[in-house]
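For reference, chains read A, B, C and D in written order, and residue numbers begin at 1 within each chain.
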Amino acid sequence: MNAPFGRRLCEVAANRDSGGYRVVSLLDHEGPEPEPGQFYMLAAEAGWGADGGRAFLPRAISVAATAPGARGGVRLDFLLDAVGPGTERLCGLGAGEGVWITGPLGNSFAAPAEVSPGAAGAVLVGGGVGVAPLALLRRRFGERGVPHRVLLGFRDRRHTGGLDLFCGSSGALCPEVRLATEDGHTGLQGRVTDLLLPILAGDDARSGVVYACGPPAMLEAVRALCAEHGVACELALESPMACGFGACFGCAVPKPGGGFLRLCVDGPVLRGDQVEEVSHAYA
Amino acid sequence: MNAPFGRRLCEVAANRDSGGYRVVSLLDHEGPEPEPGQFYMLAAEAGWGADGGRAFLPRAISVAATAPGARGGVRLDFLLDAVGPGTERLCGLGAGEGVWITGPLGNSFAAPAEVSPGAAGAVLVGGGVGVAPLALLRRRFGERGVPHRVLLGFRDRRHTGGLDLFCGSSGALCPEVRLATEDGHTGLQGRVTDLLLPILAGDDARSGVVYACGPPAMLEAVRALCAEHGVACELALESPMACGFGACFGCAVPKPGGGFLRLCVDGPVLRGDQVEEVSHAYA
Amino acid sequence: MPELCGIELEHPVINASGTYDAIAARAVFGDALLEDFPFAAFVSKTITPEPRAGNAPRRIWETPAGMLNSIGLPNKGLEGFLAEDLPRLAALPVPLIVSIMATSREDFARCVERVAARREVAAIELNVSCPNVHSGLIVGEDPAETEALLETLRPRTEKPLIVKLTPNVAGPAAVAAGAERGGADAVSLINTLKGTAVDPATGAPALGNGYGGLSGPAVRPVALEQVRSVRAATGLPIVGMGGIASGADAAEFLALGASVVAVGTESFRDPRAGSRVAAELESTLRLERVSEPVLDLD
Amino acid sequence: MPELCGIELEHPVINASGTYDAIAARAVFGDALLEDFPFAAFVSKTITPEPRAGNAPRRIWETPAGMLNSIGLPNKGLEGFLAEDLPRLAALPVPLIVSIMATSREDFARCVERVAARREVAAIELNVSCPNVHSGLIVGEDPAETEALLETLRPRTEKPLIVKLTPNVAGPAAVAAGAERGGADAVSLINTLKGTAVDPATGAPALGNGYGGLSGPAVRPVALEQVRSVRAATGLPIVGMGGIASGADAAEFLALGASVVAVGTESFRDPRAGSRVAAELESTLRLERVSEPVLDLD
């Protein structure tokens, strides 16, 4: 399904806190339902570029959840971590304000059987703001009856942003979700890879596919562990993006054999074997 | 009285409509009472420079009225015409927002006797957003018992911005104020210079001083008429200002004998004979 | 109807080389791209004799009202381009201009001949100014070198040759004059300004390549001045670019002597910026035609 | 304690020539200016052998994240400056650097001798790059010219000579090397980039002079790249400037090899920008000194 051509102005429907991050909801009257892993380029209509001339370019943000819009169209929920001028401006948007969006862009996560023949189940591994695309993926897997487990890592009590996207309508964390926290205040004390390792070492590991999104170091650990255990994985990467639609060649990610992929059109979801090593240089 | 050194952050106390212009009030806890004719450099704390990188520099704005601040300090009222990105942003400010100000800057109008020996009364001639400094001047003349008349020009019914600054506390226009409007909906149908001419031609014209502020063509007409009739005048000019405190040399206004004045430190109020011709080139 | 070297254009807005991949955009946006193509002509990304992978990341960095890039001209090389990309670009509803760069006159000549031989190609842009590939710099910095290159290439084709000037010189007008003497049909300017930035997280240059090229609204005043000075020095048509984000910006270039304008970085912010700039320009110009001087003496 | 050519500085932030009139600022802000002087040294506006009125208005024009100026070096001339301004500048609580420009080596030499003879003067900056006065350009565009100028001036004084480079060249590093060979003690860069703009109200160039010089954050990436390339070519201390608006910006210049930075346009927005940048820089550097690498693994 193609993205509508060009950027379009959407209205902010809501903006709420989510454990230190923000969930900003936009009403999109033109676009198709996005697939898990896809992203949009976002720029606030007003105040973009203020004070020092940045943010100048739009920002790539994964869609974390969708729902039918109250007045038609689709509601797009984005999970945002305010790390710089662009995300700060987006996090500060109020209901009714305008946001330019282009998308949905990029590819999406594939079903387990498409990634690895015979694979039936999925292990979703997320950390930080990278839990966003996994929230949408888990929803789809749930709807389609794909067996899945979710492993999420958080630093501490103050950093649990996005966790509520994995809660059911009752507000309680869904049973298939397991947590690792570095301070041990809930779930396993440790890293999310500590949860993943026993699964990869399990007998039935190869009947599943790992789907991961998070900070580069986490992704690299997941990639290396999966490669070691011969388990297929898909990684949703980040790289600096000016355009999101293949125009700028800025989002280059090295290919194992040499050369580069454009993450915005060849990704953002790459199979583990499409990546040599997940590095900070492009993430 | 010197301006406090540097810019300081003030809070917007109010922002109201005034016949198509806005009156934006700031609370200044540091600065001295400004004199009529003085100006401040203003820049919104947030959103300055948004969308295209302008406004980048602060904007020179005359003070139109002052009052004791509700919680101490002084309330500064600015009359603003939204003509571009800077004034648009300032006109859109809400109560509680922050504005960087530097000032009060520049010189101020002198008493009639200082401008012209023996002169006792004053004729204030204003047009457009140029009525702003005259509003403060009239207030001071009133307080000090300087006899004065006020002539204001407006285009039409929809353009009467700032007129209310010349109303008494009852909301009615003060008796010493006369109006000219191009559409004749109130006052004389014509230009403000049509009101000035009979005064300049009167027997007692030289016992008064003309104080004018407004669009360049109006100022030039006033300057030329006063010169013709041998009546002293003071003109509050505008020119492009980057700094307002003599640093950039951008605000140059040609001197009659050659060379330039820096309007921000040598003005903004100039005597009629300090100006060759008021031109759009620097206004 | 505007035109460039005899190529008729629907409107005076084309794209800046290397800032729009029509093939990728077609895949992302589908047929809507073709139905409402944003540019009056399409300029390809610069192609080189051999394939290039481009520079190591990081390749882009945002700056005040602009951006740095050190993309490094990734492309399939002359033959790959002719075989794979050209047929697909020929399907675009607008004339095609192919941008080429090479590090020797012979290679340049070969590219010109091979590209010009293709019916689908309306004109050729010679990139003598890319700041990311060292060898590309030399020609465009020197009027005589530029003239000599054009003298080599001119006999190889009757198709229009547009020389894309480098802005990183003391006198772009002299280089433009050299291009004119050598037989160029038009000049385009500006390419990106050499620039760099430091990543605050590392204290080291932010771009993998150490430095890159600056584009976007930040450079517009520099581009306008170069257009003005080149206009004074040559009679060649000028494709003006550098920071154009609106019709008002485009009008500044036209006022200073550009015949056509190109939109680059702004397309990243708005994939239909080309059409928008053209429409805004049209209404700006229409407004100017009907408006009377406004008297503001009240 | 930072220093520049042996001049001790309280902090590494000075002003850019022509962007602060300490005499006017003293009149506006009173003694508070002296008590909290924003710069570690004061650089005068460029003075010329004879008085100059400066260019006809309009002299400034705002651009995206920057501004154009065509001030045209208004000044009282050498003798007027020495008689009237220098004594007042000597009252500033910081070392004084006098910027001079002339259109011949002889005039330059005369200015250097007269200025250097004054005890109040700590160093001399040679403006070989002002884009607003045509003759100022030539020397700074050419390494040999620059070297020759320095060879003329070097024997006239033992005070430090700082050469302010023009950025409007293909290779500022070569000019810096010329300055070094000629005996300069430091270089400062960048001066403004040549630029123009069109006034939408008239369709004509917005500045009275037709064009001007671009400054402000927009040019920072260009300034940083020139500092980087000059650093690679000479061992001279560098005074880095161009669009510095914060301590983080200043840190970028220091990271690429500047010893001292100068604040220009930002002072127009914030009359105490110099002190602010110095304070922000201090806390940035302090932060770097104490911070451990942060592990950000989930």
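Just so we're on the same page, a residue touches a chain if its C-beta (ideal position, glycine included) is under 8 Å from a C-beta of that chain, and two chains touch if they have at least 3 such contacts.
As the structure is a computational prediction, the values presented were derived from the model and not from experiment.
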Set of chains whose contacts include both chain D and chain B: A, C
Centroid-based (C-alpha) most distant chain relative to chain A: B
Contact-richer chain pair [A-C vs A-D]: A-C
Chain centre separation (chain A, chain C; CA means) in Å: 35
Computed distance of Cα centres, chain C from chain B, in Å: 47
Centre distance in Å when chain A and chain B are each reduced to the mean of their C-alpha atoms: 55
Of all residues in chain B, the ones touching two or more other chains: 49, 52-53
Residues of chain C engaged with two or more neighbouring chains: 63-66, 216-218
Chain contact topology (line, ring, star, complete or other): complete
Interfacial residue positions of chain C with respect to chain D in the complex: 63-66, 68, 137, 141, 168-170, 193-198, 200, 203-205, 210-211, 214, 216-222, 224-226, 228, 243, 248, 251-252, 255-256, 288
Contact footprint of chain D on chain A as seen in their complex: 52-53, 127-128, 153-155, 180, 182, 191-193, 214-215, 217-218, 221
Residue ranges of chain B in contact with chain D within the complex: 2-7, 43, 49, 52-58, 100, 102, 105, 239-243, 245-254, 258-260, 262, 265, 281-282
Chain D residues within the chain A interface of the complex: 64-65, 217-218, 245-246, 295-298
Residue ranges of chain C touching chain A (in the complex, touch as defined): 18-21, 23-25, 27-30, 32-33, 36, 45, 53-54, 56-67, 69, 71, 74, 208, 216, 218, 265, 267-272
